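In order of appearance the chains are A, B, C and D, and numbering begins at 1 in each one.
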Amino acid sequence: MALYSEKVMDHFRNPRNVGVIEDADGVGEVGNPVCGDIMKIYLKINDDKVIDDVKFETFGCGSAIASSSMATELIKGKPLDEALQLTNKAVTEALDGLPTHKLHCSVLAEEAIKSAVKNYYDKNGIEYDPKDFPDPEVESCHMH
Amino acid sequence: MFVYADNAATTAVSPKVVEAMLPYFTEVYGNPSSLYSVGQKAKEVLEEARERVAKILGAAPREIYFTSGGSEADNQAIISAARIGEKKGKKHIISTKFEHHAVLHTLQALEKEGFEVTLLDVHTNGVVTAEEVKNAIREDTALVTIMYANNEIGTIQPIAEIGAVCKEAGVIFHTDAVQAVSHLHIDVKEQNIDMLSISAHKFHGPKGVGVLYARGGIVLTNVINGGAQERGKRAGTENLAGIVGMTVALEDAVAHIDENNAKFEKLQDRLIEGLSKIPYSELNGDRNQRVKSNVNFCFEGIEGESLLLLLDDKGVAVSSGSACTSGSLDPSHVLLAIGRPHEVAHGSLRISLGEDATEEQVDYIIKSVSEVVEYLRGFSPFWGDLVSGKRPHIFAEHSVA
Amino acid sequence: MFVYADNAATTAVSPKVVEAMLPYFTEVYGNPSSLYSVGQKAKEVLEEARERVAKILGAAPREIYFTSGGSEADNQAIISAARIGEKKGKKHIISTKFEHHAVLHTLQALEKEGFEVTLLDVHTNGVVTAEEVKNAIREDTALVTIMYANNEIGTIQPIAEIGAVCKEAGVIFHTDAVQAVSHLHIDVKEQNIDMLSISAHKFHGPKGVGVLYARGGIVLTNVINGGAQERGKRAGTENLAGIVGMTVALEDAVAHIDENNAKFEKLQDRLIEGLSKIPYSELNGDRNQRVKSNVNFCFEGIEGESLLLLLDDKGVAVSSGSACTSGSLDPSHVLLAIGRPHEVAHGSLRISLGEDATEEQVDYIIKSVSEVVEYLRGFSPFWGDLVSGKRPHIFAEHSVA
Amino acid sequence: MALYSEKVMDHFRNPRNVGVIEDADGVGEVGNPVCGDIMKIYLKINDDKVIDDVKFETFGCGSAIASSSMATELIKGKPLDEALQLTNKAVTEALDGLPTHKLHCSVLAEEAIKSAVKNYYDKNGIEYDPKDFPDPEVESCHMH
């Protein structure tokens, strides 16, 4: 019944893949400071459409940082297709759960990745169905 | 090092208080309503506690009602005043935007019943003025309820002046003194306070016991109906151990107010000075008109929960927002009330020192907070935007405290 | 000899319970709403206590709400059911004439709001039947609230059957189990109990803490508004020491129910037999369908207070009426409800044994009561009239218990 | 803050003048069992209209017994005139006070004495103003 699972605390205390990729192939940012959390994901994608490297920067609570860390771990080295399948549920489960009122953090992580992939598609003129990607404009705080 | 610096959330019960409570668990365990000796002994102790609490507040024993804590006292004070007002057709209540939820949520419940509530704006220094209260009072105002010291930012309201304004207007005045009673001298008569709430666990007493002072002549409405305890105004077998513990704790706290404040003042200066060195940070609440054990800061670019969890790892127990709002995602209503934008309201830190705090501890807090803020900013995209100029800074690089 | 035989009024906190509480005053003193370790440790203990209490009642942890005692639990249960009913246009409540004042006075407050309350008559043996409840239920009945065991005469109501009747009719059923929980096995699901109240100090726990069980799906109305404690349904910093103490006491009590009852039964038999030898006296409440630690008698020709004060002089702590009504001049509403005329209702005595009671103590009680009754009758003009035939006797010279 | 003063407890525990005067010159009884208290006063009055002896019987609470005891003490050996001046206030004061909701006990004591004197007057054909004496018929419980 602690606030967070040990997994969450581990990823919060020792976040994996923290940082910036200067020459990233795709960058996604979701959330906003008014809501209290922003996640920014940097992707390095190779010619086989595999995620060679991923980094994140996060402004937010413990579970936001942990969700970013876990999400990046889950997609690192994975083909883009697979990365796009990543759900917030998978992130939450990998973290051994999140408190109900913190579930939106895992949603943010999912969306940040999608947003970075979209950015990569946009840059490279790859077509996609916009419906598959979050619309950052309609975001309001924690309405997930 | 371990530093518990969240004494505004709750305090450890002092050994002296535990000692004082023990006999009332196993020896003088009688029900104070019982007529035989064990019960009458309990009754005597109960009434003696009432006298002692009354004396500290400058009240009469008959004006002291024991409750299960600050929240219950707040609820009962407000509801009682509302019922008194209602009978005279007065259904307007004045309060402030930064009251404790025990006040705000009770007012909301009354709004649903048709009461009109004016929540006064709070100045950016965390203070409302008696003048503003005066201007808000109407013909149909039943109650003014304004906290003595704010639980998050520690700012002190001009209670005596507000009390005088209310008295002149013939309006009942209640103050939530939960955060004030162990830091400031109170005299309900001199300060024209009609009702006042206290909670024991904020000054090294036990949790689950509090006081409602209600001036003679104010007829309370029961929040808890039943037996004839507390002159019929608060049913339930009296928590005598808790009441005795609270009384001892209160006497102890009040006896040492000046001494503690002198000590706190130095530590507070040191803390504010140290934390002000963190760039783009700012003290919340007035620099001087605040409880001396309280320091509350906002730091640009970071979020409060992650800050406090990492401080916890370093052995520093502090809070972001208040304990009561920790389950909520909204930034502190107190910080919003003093005009902090959401962006920085999310990144606040409340330090509330205990009487045993030392300079070393304060220095350790400063060092730890500085490190953690720097660390979190290191990978905060929000901070990145501020530094790069993509978003404008909210604070100056260095605030003059 | 000293015999405390008023355990229905309150009990001494057991040393084991005191021991269990101590760490929560001075060590794990954190506010359960705080996010750092000291707070989270407190939170864990709180939720563990909730699980333990839930298990004992056959409830889910989410269905357990900690309150400041039995009165608050009764108030909140009744008000919540009233508000739920109100929304559906149901403003009728069924209860009995011999409930605790925490129930009766809450019902009176609702009557003033326009609720209609049916107080069922109680049979002379101190029991109401499920059939009677069934007959009283109407289309617009929002709540049935009937106590499990009566606090004065100890009679046990057929709660499971009443629960079944209510379930069938789709009416919320609350039971005040304050006097029952340590004497009778409870399973809220099996017994179809929707809401139930408990108070810790009746089973060697501390005063000022209780439980309201509310079946999942029943939305509680706050009696105390404020912070988000107890899932937003009961504001106020949690009295963790008290809650832990209550939990330990409850587990201890429930674990020993059968053993204690076996012991109590013998002592009860002995007491009833002994007191029945006093001429013109009668047991109040059913001989068998009663809590085994409770014996309640009426004695013709004397008044209860003088009886208990003289017993106190002999070291026997017992009550007349209930502790809660001791300030009142009216005879016990419970005795009137079971049809005792005022004349004898004034002369009642409640003996409620503790688990450590002995045969010697029981014999001492019998001897002391017999002596005091004889002494008081010796100069009671009322007794004189009864003996001389000027007034008719109410009881037979010797009742068959 | 004990329930009763020490004086009350003393008179309750060791009531003075308990009993019956078989050949009483005046007997008064007030209260009734429905209300929970009855006081009966027996007076022995000599030719000088002085109370030579007084006894009481009481059914009632601690303060009822103590009030009877104290009241009898206060009138014993006193001329009837003086006894008739005895007020409930004097009884209460002599007992060092009574709890508010027990004050009616001292009223009963005053009335029991008056009633006994009235009985003596009646028996001996002595005239008096009925207004000076309580009317037992209009008594209702504790309405003093």
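The rule is simple: a residue touches a chain if its C-beta (ideal position, glycine included) is under 8 Å from a C-beta of that chain, and two chains touch if they have at least 3 such contacts.
Small disclaimer: the values here were computed from a predicted structure and weren't measured.
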Chain B-chain D separation of Cα centroids, rounded to whole Å: 57
Rounded Å distance, chain B centre to chain C centre (Cα mean): 36
Between chain D and chain A, distance of the C-alpha-averaged centres to the nearest whole Å: 90
Sites on chain A at which at least two other chains make contact: none
In chain C, residues with contacts to at least two other chains: 35, 305, 309, 327-328
Overall pattern in which the protein chains touch one another (line/ring/star/complete/other): other
Full enumeration of touching chain pairs: A-B, A-C, B-C, B-D, C-D
Residue ranges of chain B in contact with chain C within the complex: 4, 6, 9-15, 17-18, 22, 25-27, 29-31, 33-39, 68-72, 74-75, 100-103, 105-106, 108-109, 199, 201, 206-209, 222-229, 235-242, 305, 308-309, 311-312, 317-320, 323-328
Of chain B, residues touching chain D in the complex: 35, 40, 43-44, 47-48
In the complex, chain A residues that touch chain B: 12-13, 15, 18-19, 29, 33-40, 56-62, 64-65, 101, 104, 141-142
Residue ranges of chain B touching chain A (in the complex, touch as defined): 301-306, 309-310, 313, 327-329, 331, 341-343, 346, 379-384, 391
Chain C contact footprint on chain A (complex, rising order): 1-3
